[in-house]
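Shared chain: chain A. Partners: chain B in the first complex, chain C in the second.
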Partner chain A sequence: MSGRRAGLQVRRPGTLRTVAVLVRRDARIALGGVDGFASVLPFVAAGVVLAGLVLGPDPAALRTTAPGLVWLLVLTAAVPLARLVAAAERDEDSWDMLRGLVPPGVLLLAKAVVLWGALAVTWSTGTLLAVLLLDGAVTVAGCAAAVLGLVGVAASLTVFGALLAASARGAGLLAALVLPAGLPALLAGTQAGVADEPWPWLALLVAYDLVAGATSWAVFPFLLEE
Partner chain B sequence: MPRTPAPGGALLPTAAVTASGAALVLALLVAPEDAVQGPAQRLMYVHVPAAWVAYLAFAAVLVCSVAYLVRRDLRFDRCAQAAAELGIGLTALAIGLGMLWGRPVWGVWWTWDARLVTTTVLLLVYVAYLGVRRMADDPHVAARRSAAVGVVAFLNVPVVHFSVVWWRTLHQPPTVLGPEGSPPIDPVMAWALAAGVVAFTLLAVLVVRRRVAGLRAAGAEPAAVPPAAGAAPVITVVPGGGR
Partner chain C sequence: MTESSPGGAEPPALSLHEVACRYGSRTVLAPLTLRLAPGAVCAVGGANGAGKTTLLRIAAGLVEPTSGSRSVSGRALYLRPGAGMRRRQRAVEAVAFAGALAGRPEPAVSAAAALASCGLPEELWRQETGRLSAGQQTRVTLAVARVVSPAVVCLDEPMEHLDAEGRAAVRATVAALAGRGTAVLVAGPEAAHHLGPADARLELAAGAVTVLG
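And now, the complex of A and B:
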C-alpha cells in the first residue's frame, strides 16, 4: 500500500516482509531471551529423565509411553512459550504501537510462525531425548503429525499469548486453556506415530489446524483492541 | 417503581415444573428396568439430559460471545456468563452421576476413558473461561476477552461428543445421536429420556433468565441525571452499567 503526502511517497512494507521482520526479531528472543529455549529446553530434558525414573525401568513401558510423553511435554512447555507472543514488545514497551501499526492477521501469522518454530524445536529435542534415553522410535507419520499438529497448537497459543500480553493478571489460567486447546494434537499426534494406519489421525490434525486457525484468526483482532 | 413482568409470565415455570414431574414419573415408574444394568440405568434419565443441556449451554456461550463481539452489547455478555455457569454445573452433575452409575456397572468410580477425560477437560476450560472474566475491571474489556475465549472454548464440545466415536472407549457410543439413523432404544425409555431433556431445557432457560436478571441488577450503576433548575439532584439507576 502506498500513499503520497507533501511530495513524499510513503511505502508500507508488504505482508511477507512484515512477517519476516517480526519473525526474525522474535526468533532472536526465543533463542537468547529468558522466555525462550533457555528455560524450556532444560525443562523438557528434565521431563524425559524423570519420566524414565517414574515409568521405568521396563524398556517396553518406556518405549510405549515415549511418543505421548513428548507431546505432553511440548504442551506443558507451550505455557511458558506463550510469553513469546509479546516478549519483545514487553521489553521495549511497544505492544501498543505494534498492534496499531501491523494488521491483526499479519501479526497473528508472524507470532504463530515463531511459536510453531519454538514448539517444533521443543518437540524435536524431546523426541531426540526420548530416542536416546527411552528407546523411543521416530516414524515418518510421527514427524508429519508433529508438523501438522503444532500448527493448530501455535495458532491457539498465539491467541492465549495475546490475552496474557493484555493483562498482568490471570497468567495461571493459561495452563487450563492451553493444555485442552492442544488436546487433539496430543492424542492424534501420539496415535499417528504408533498406529499402523496413521492417515485418519493425520486427517484429524488437518481438520484441527483448519478449525484452530480459523477460530484464532476470527478472535485475534478483538484481543488487540485494548 | 413496579417491576416489569418477565415475558411469558408464569408460563415457563409452570411448563418446567410440569415437564419435570412428567419426566420423573416416566423415568421412575413407567420406563422398564434395564435387563442388564438394573435400576442403575435409571440414572441415564438425568445424566444424559444434563450432558446435552450442558452442550446447549456452551453453544449459547458461543452464540452470545459472537453476538457480543459483533454488537458490543453487555446483555449478550451477561447471557454468556449465565450460560457458562449453568453449563459448568450441569457438566459437573453429568460427571458425578456418571461416577455413581459407573461404580455398579463398570466396577469403578473413574477410569481413564476418552469420554470421561474430555468431559473433565471441558469442565476445566469453562472454569478457566469464568476466570478470564475476572482478569479486567472494565466490563467491556472483560467481556471482549471472555468472548474470545468463549469462542475458542467451544471447540472442545465436538471433541467430547465424538470422543466415543474416534477412540475405542469403555463409555458406550452415542445411543440417540449416533451415526446410524434409528436409535436402538426401547420406545418408552426414549420417551422418558425425551421428557428429561425437555424438563432440563426448560429449567435451564429459567435458571439462565434469573441469573441474567441478577447480573443485570449487580451491574447497575448509579448515574446522575442533571437536575432541573432549583430542583434537588435526582439519582437514577441505569441497568447493566451501560451497553
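And now, the complex of A and C:
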C-alpha cells in the first residue's frame, strides 16, 4: 500500500456548480411538498385578505399601507422559512453529509440563495395580492428594493437557520431575532416603493446587504461546530 | 493515551493525536491517538454510551475535540444508517446528489452503479427514500459512501436494521472503499464480530480504550 492515495481522487466541484446542485435539490423538495415553503404562501394570502378587512374600504388607506404590509408579512413568513437552512436537513439526517462535503462558505451561499428565492416568491405573491385586493401599486423602485432587501434578509436568515439547528432554544430566539434584523429591509423596502426619490433608500439597502452578508460570512462557520 | 497505527509509516489518511472530549466534568472520550493509512479498516466496538459516536464524529470533523488535534488527507464523511438523503429525494437522485457534491463527473451513472453494488432492487431506485424500509435506506446510505469515496468514511452502527444479506452489503462496501484507498471506521456494539478481519480494532468503555488490536 506504499504511496497509496486516500479515497477516490476527483476534483472538488467549483463554488457555482456546488451552489447550483444544492439549490436545484432544495427547489425540487420545496416544490414537491405541501409543508415548509408551500405552507407560507397561504399564510401570506390570508394576511393580505385579513389586512384588507381590518383597514376597511378606504382605497387610499389600503394603497398607502400595502407595501409595508407585504414586507411585514415576508418577514413574519421568514421565521418558518428558516427551517429550510438546517433544521429540516438535521431532522432528516442529511446535515452531517452536507457539512462533510460542502465548505462552510459555499454552504452559506447556497442556503442563502435558496432562502432568497423563497422570500422573493413570497414577496411577489404578497405584492400581487396587494395589487388585486388592496389597490396597491408596483413600481420599479419597489421591485429593486425587494431584490436588494431580500439579499440581506436571506443572509441573516441563513445564520438564524443554522442557529435554530444548533440550539435547542433556537426556535424561541428566532422570532425575536428575525424581525429586528430585518427592520432595515422593512423600512427601506417600504419607503423605496412609495418615495418620490428612492435612491437613498436603495443605497441603504445595499449597505444593509453588505453588513448582513459580511456578518453572516464571519459567523456561519462557528455555528456549524459542535 | 492509547495509540493505534495500522498502516505503518505510510502518510496517514486520518491522524488523531491525543484527542479527548469532555462535556462539562464528564469525560466522553479519554485521550486517544490513532493513525489510519489509506485503505485501512478500523472496527470500533463498545456498549451504548462508550464514546463510539463521539470518536467517529471527531474523526469526521463534525465535533471539535476538547483537546488534541486531528488531520485528514482529504474529505471525511460521517454516516448513520439512513443518513445522507432527504426523505423526498428519490433513492437514485439522493446518491447522484452526493456524487455531484463530491465532484463525480457522471453522478447519475455512478449512483446507479453504487445502488446496484449495495443490493437495492432496481424497482426501488426511483422511490422516495422516505418510503423505503429502514434496511433499504441503509443501503442507500452505503451507496452514498461508495459514490463519494472520500479519504475517510465513518460508518456508525451500519449493521442496524440489516438482515444477513444487508450485513454482507456492508462488508462489501467497506472492502470496496478500502480498495479505493478510503480509510474506514466502523462503529457498533459488535462491529469487529460483524465486520470480520480489520486492520485495527478498538473497544471502548466509558470513553476509554479497553482493547486494542
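Here, the second predicted complex is superposed on the first by the 207 of 226 C-alpha atoms of A that agree within 3 Å, B and C clash if a C-alpha of one lies under 4 Å from a C-alpha of the other, contacts with A are read in each partner's own complex, and residues count from 1 in each chain.
Basically, contacts are C-beta pairs under 8 Å (C-beta built on N, C-alpha and C of every residue); 3 or more make two chains touch, one makes a residue touch a chain.
On a predicted model such as this, the values are computed, not experimentally measured, just so you know.
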{"item": "First (chain B), second (chain C), both or neither touched by A:32", "value": "second"}
{"item": "Which superposed partner A:181 touches (first chain B, second chain C, both, neither)", "value": "first"}
{"item": "Touched partner set for A:166, first chain B, second chain C, both or neither", "value": "first"}
{"item": "Touching partner for A:97 - first (chain B), second (chain C), both, neither", "value": "second"}
{"item": "First, second, both or neither for A:21, with chain B first and chain C second", "value": "second"}
{"item": "Partner chain(s) touched by A:225 [first = chain B, second = chain C, both, neither]", "value": "both"}
{"item": "Chain A residues touched - chain C or chain B, whichever exceeds", "value": "C"}
{"item": "First, second, both or neither for A:105, with chain B first and chain C second", "value": "neither"}
{"item": "First (chain B), second (chain C), both or neither touched by A:13", "value": "second"}
{"item": "Chain C-contacting residues of chain A that also contact chain B", "value": "225-226"}
{"item": "Residues of chain A touching chain C in the complex", "value": "1-8, 10-13, 17-18, 21-22, 25, 28-29, 32-33, 88-89, 92-94, 96-102, 225-226"}
{"item": "Touching residues (chain side chain B, partner chain A) in the complex", "value": "69, 114, 118, 121-122, 124-125, 127-128, 131-132, 134-136, 141, 144-145, 147-149, 151-153, 155-156, 159, 166-167"}
{"item": "Residues of chain C that touch chain A when the two form their complex", "value": "7, 10, 13, 37-39, 57, 60-64, 73-80, 82-89, 93, 97-98, 100-105, 144, 148-152, 180-183"}
{"item": "Of all residues in chain A, those that touch chain B in their complex", "value": "156, 159, 163, 166-167, 169-170, 173, 176-177, 179-181, 183-184, 187, 204, 211-212, 215-216, 218-220, 222-223, 225-226"}
